[in-house]
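Shared chain: chain A. Partners: chain B in the first complex, chain C in the second.
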Partner chain A sequence: MVGEEAITMIDPAGLKAIGAGLAVGLAGVGSGIAEKDIGAAAVGAMTEREEMFGKGLIMTVIPETIVIFGLVVALLIS
Partner chain B sequence: MLKPKSMTRAVIVGHKEVMDETVETLHDINIFHIEEYNEEDSTFKIGKPFENAGDVSKKLVQLRSISSFLGIKPKEVPKQDTKVLWAELDEKLALLESELDKKTEEKNSYETRLKELDSLQKELEPFVSIPIDLKNYRGYENVSVFTGTVKGDISSDISAITNDYELEFDPDRLTIALFVRKDNEEIVAEMLADNEFREIRVPNMEGTPSEIIANVESERNTIKEKISSLEKSISDIKERYSDFILASDEILSIESQKSEAPLRIATSEHTFVIDGWVPSDEYNKLTRKLESSTNGRVFVSKQEVVEEEEEVPVKYDNPKVTKPFEAIMNLYARPKYKEIDPTVLIFVFFPLFYGMILGDIGYALILLGLALGIKKMVNSDAIKPLMNVLIYCQISTLIFGILYGEFLGFPLASLHTEHGIEAGLIAGFETINLFASPIGGEMVTFPIHRTHLSMTLIVLTVLIGIAHINFGYILGFINMRRMHGFKHAMLEKGSWLVVEVGIALIVLGYLKYINIAIGILVFLIGFVMLVKGEGIKGPIELPSLLSNSLSYTRLIAVGLSSIYIASTVNLIAFEMIWPQGGIAAVFAIFVFIFGHTLNTALSIIAPGLHALRLQYVEFFTKFYEGGGKEYSPFGYIRKYTEE
Partner chain C sequence: MRLFQKLRRRGSPAASSGSSNYAYVTARVRAMKSNLLPNETYPRLINMDLDEITRFIEETQYKQDVDELARKFKGVDLIEHALNRNLAVTFSKMIDISEGELNYLITEYLKNYDIWDIKTILRGKYYNATLEEIKDNLVSAGQFKYNFLSELAEKESYENVIDALSNTDYYPILKNYDGTNLPEIENQLDTLYYQRLFNAIGTPKSSDRKLFSKLIRTEIDIKNIKTMFRMKKEGVEDGELEDLVLDGGLRFSLKEINKMIPLPFADFINSLEKYPYWEAMSDLVTPDMESLVDLETSLTKYTIKSAASFSHAYPLSIVPIMDYMISKKNEVNNLRIITRGKAANLDEDIIKNQLVI
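For the complex of A and B:
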């Protein structure tokens, strides 16, 4: 209608949800990238010596911390 | 507890005449860890194996090849008497081998015949619908025979050349058998070549192809029956001899260990010297046994342990309940001899953290049942300790589950929130408010609703982390002091504590409780100590204090993600699908079971790995080195035999 402007309201709750999603998602991508190389190396080591499984597994989950941080930040936001 | 078993270095010296008895005794008592003798620049030589070594290892190889051929697996059997076993070993082994050889040879010959029949059938297949006796394909003077395949009917082509011919044609397989006069052989061959003729030779036999094939079929069936009866008798042999094979494998292994023992021993022309380790509390047993078995003809002496130089073998010395956690220690590294053995600490912290993360009555009960079941059914030395660990973890999970009031993601108690009342699973069970948390305006309740208390719990887990890490530093301090003295310990591990105190004082100063300068001063003192103790590496690792303690927030974060998965499954099953009724109700139950099965699997992996990682990465790096040598006494634990 003439004289009226379309006003788009951004719901703060929605923005919060997007922020939380980004925090978990991007942190997940980050730890994924980090784990990729370690995982490949761990599998390589495991084929050589099967008893490396335990150590390989532990090494592989070390970057998990990154995604935990993301999760915590998401919890703090929401 | 907290320390590996105390070891004594013992050297056994004696005349070669009694070497046999000595080795025998050492093997029987199974407490002496032999230090392999290294021949380099020494007048002593490595001993020669006892006379029977060759014979024993020959039999062992023979037996093991039979055993692997039959696919014999370890199992529970009544123990057998070694004397009886030795007496009948040779005879029985020979009998077993000859019996098995005969059967396998027979089976092989049948299998060869089966292959021959197969190939014969393949050769005859093209001619099956041509009713000519195979002997009629051969032995003509003036007739040429063509057998093979062509691209189609050739009768018109051939009649264009000659009328003097005989043709059999199988239109399905496109096979021909063509008889022409020898004079026309070349022209016919050319004509056939135009028709893409490919020769197939006829086997040199008698009878029509269809008859022969029928015979082949019947012979094949009888052979197959014979093979299966042979297989059955081989598995009978396996059944009959498996106890014998397991038991004699054991006594032969023991004998071969004994007979090859001299290879680890130093000998001169008339004497031998065995060097090794024995748990200190069993040293007297060692001397007593050796004395009685050799009439005092060997001399055992205690050696002084030279500091650090020696690689002392490490034997765990933990209370029985904590034994399963040695498997978790071995996964990382066995402790060194002088180091604190943290098995008992893992026994406390690992299930504690696991339970804190998972904390659900439903999953605890499911996994407890699963672990007990597997423990009962699977008889493996590798699986058992892991199942025991899982059981401890589930007990802790159950306790935390009651504390959190959660069952498969459903809250047990109802909760009043600003959005209204959230119903619990148990009607009438209301959440009790205990006190207001200082963080985030949240209320601490019983049962603790983790989803509504996340702020408080995040801070709490960081505090748990700081406590755990500092406990690690204190252990590191003790380790360092034990190995390198007080000064080293203070600079390398104590400095971290000083730095932490400094940071705490700075925070207090910032909040205007005390003068901030005090905090800065303490921090700087700690910092200088750290640089002295650990070099440039220390300051670089300073930020790890923050990241390590924040890492403990996984105790709540991973747990929350598990709750959310579970409650999402419940939501989909019971609020989205179930109300539609009818067939959807079945589907809802399916979704419920499938979702929770998935989350149960995740409930072992996620809390397990994260709890483990907190031990390995955050806790162990503060004090633990590992890399100790395994104590493996010379001896054998008998399973299938007894003396």
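For the complex of A and C:
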């Protein structure tokens, strides 16, 4: 009986780790989706006007903040 | 990556579907639009002589075209060919860089250049124009490549031209051409073009498609207004009307046009007042007006303006691309007017009046 209980029990530390992983992972996927169009647009603008490189780069990495939030949350959890 | 694309394409039911890269194309087009000549360039160009204009054009985005064609042509012909080539290259680029549905719509829209070229060649043959004159006006921005078009232009008679086009969609119309009914054939080609374009748009559901359809239909309206004014001025009989106006306009239905045409000129003008296009015409239209140049310029300006304002409403749609194509075409037209005017020693004021700025 004791042995069976030990199998069904879930370690809270493991759940925390999964939560932290989800926080970073989903935030990464989200910002990836957001960056897809911005990146495409930035490359498009850059092919015609090279001086757009700086602006394009900054615009492209703005959604990256979401990942930082995800990372912070992950650190708070673990 | 290629394998992935192949798989994705196999999964898509029709050639027109598939994901479109609106973000990429619209951003690129906006950057291209900022490279167009600003309006204040034109008055400066009018003050230059032909060589200076050529040099000026050579310093802009037309450089490559001027350089490459400089061996074959000179003077006005060089500029004319460079402008046409640039227009063709720019518009073909639109087709090359777009994907999916967007690509399909642009391709359909640009087919008016194919029709334009067929018309140019047939008209050239009709009036016995020289090969150079015909080639001056060919723009290979649609499906036909320049080599194919110049081969067409080199054919001896219109029959040979039409035979060479036998595997295109235009053949069923062209085969009825007997050497005399050119206006009829031209209008049928235009009608076919708009039919196909409306087919491509389908019943617009999303708001950007609606806007695109609205833009095309405004274009038809403006064309019809111009036709009506010309008909009124030239005293064309009502019987020929059906062949001359285009169906599918936004505000003018064929019925309304039919009603307006028999009216005397003054009443005809009054009947236009209730349409939104009146604001573009009100200052220029008088019962005793002689020249239609100002009016046509103002109407073209109206098209450009409405395209520009539409393009801000839906930044990620085909409308900004249309806006660019209309502005680009206008720039090329303006440059052509200036160079041709200069070459013909026209007065500066006359040239200025013709420009659409």
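In this text, the second predicted complex is superposed on the first by the 71 of 78 C-alpha atoms of A that agree within 3 Å, B and C clash if a C-alpha of one lies under 4 Å from a C-alpha of the other, contacts with A are read in each partner's own complex, and residues count from 1 in each chain.
Heads up, the rule we're going with is that a residue touches a chain if its C-beta (ideal position, glycine included) is under 8 Å from a C-beta of that chain, and two chains touch if they have at least 3 such contacts.
Worth saying up front: this structure is predicted, and the values here are computed from it rather than measured.
S.K.: Have a look at chain B and chain C on chain A after the superposition and call it: clash or fit.
M.R.: In the superposition, chain B and chain C stay clear of each other.
S.K.: Have a look at where A:Glu64 lands relative to chain B and chain C in the superposition and call it first, second, both or neither.
M.R.: first
S.K.: Contact-wise, after the overlay, does A:Asp37 reach chain B, chain C, both or neither (first, second, both, neither)?
M.R.: second
S.K.: For A:Ile18 in the superposed arrangement: first (chain B), second (chain C), both or neither?
M.R.: In the superposition, A:Ile18 contacts neither chain B nor chain C.
S.K.: I'd like to know which partner A:Ala45 touches here: chain B for first, chain C for second, both or neither.
M.R.: It touches chain C, and chain B stays clear.
S.K.: Once both structures are overlaid on their shared chain, how near does any Cα of chain B get to a Cα of chain C? Whole angstrom is fine.
M.R.: When the complexes share the chain A frame, the smallest chain B-chain C C-alpha distance is 8 Å.
S.K.: Kindly list the residues of chain A that each of chain B and chain C touches, one partner per complex.
M.R.: Touching chain B in the first complex and chain C in the second, no residue of chain A appears in both lists.
S.K.: Which of the residues in chain C end up touching chain A in this complex?
M.R.: My answer: residues 21, 23-32, 34-35, 97, 316.
S.K.: Across the complex, what residues on chain A touch chain C?
M.R.: 36-38, 40-45, 47-49, 52
S.K.: Across the complex, what residues on chain A touch chain B?
M.R.: 54-55, 57-58, 61-62, 64-65, 68-69, 71-72, 75-76
S.K.: In the complex, go through chain B and note every residue touching chain A.
M.R.: Interface residues on chain B, with respect to chain A: 331-332, 454-455, 458, 547, 550-551, 553-554, 557-558, 560-561, 609-610, 612-613, 616-617.
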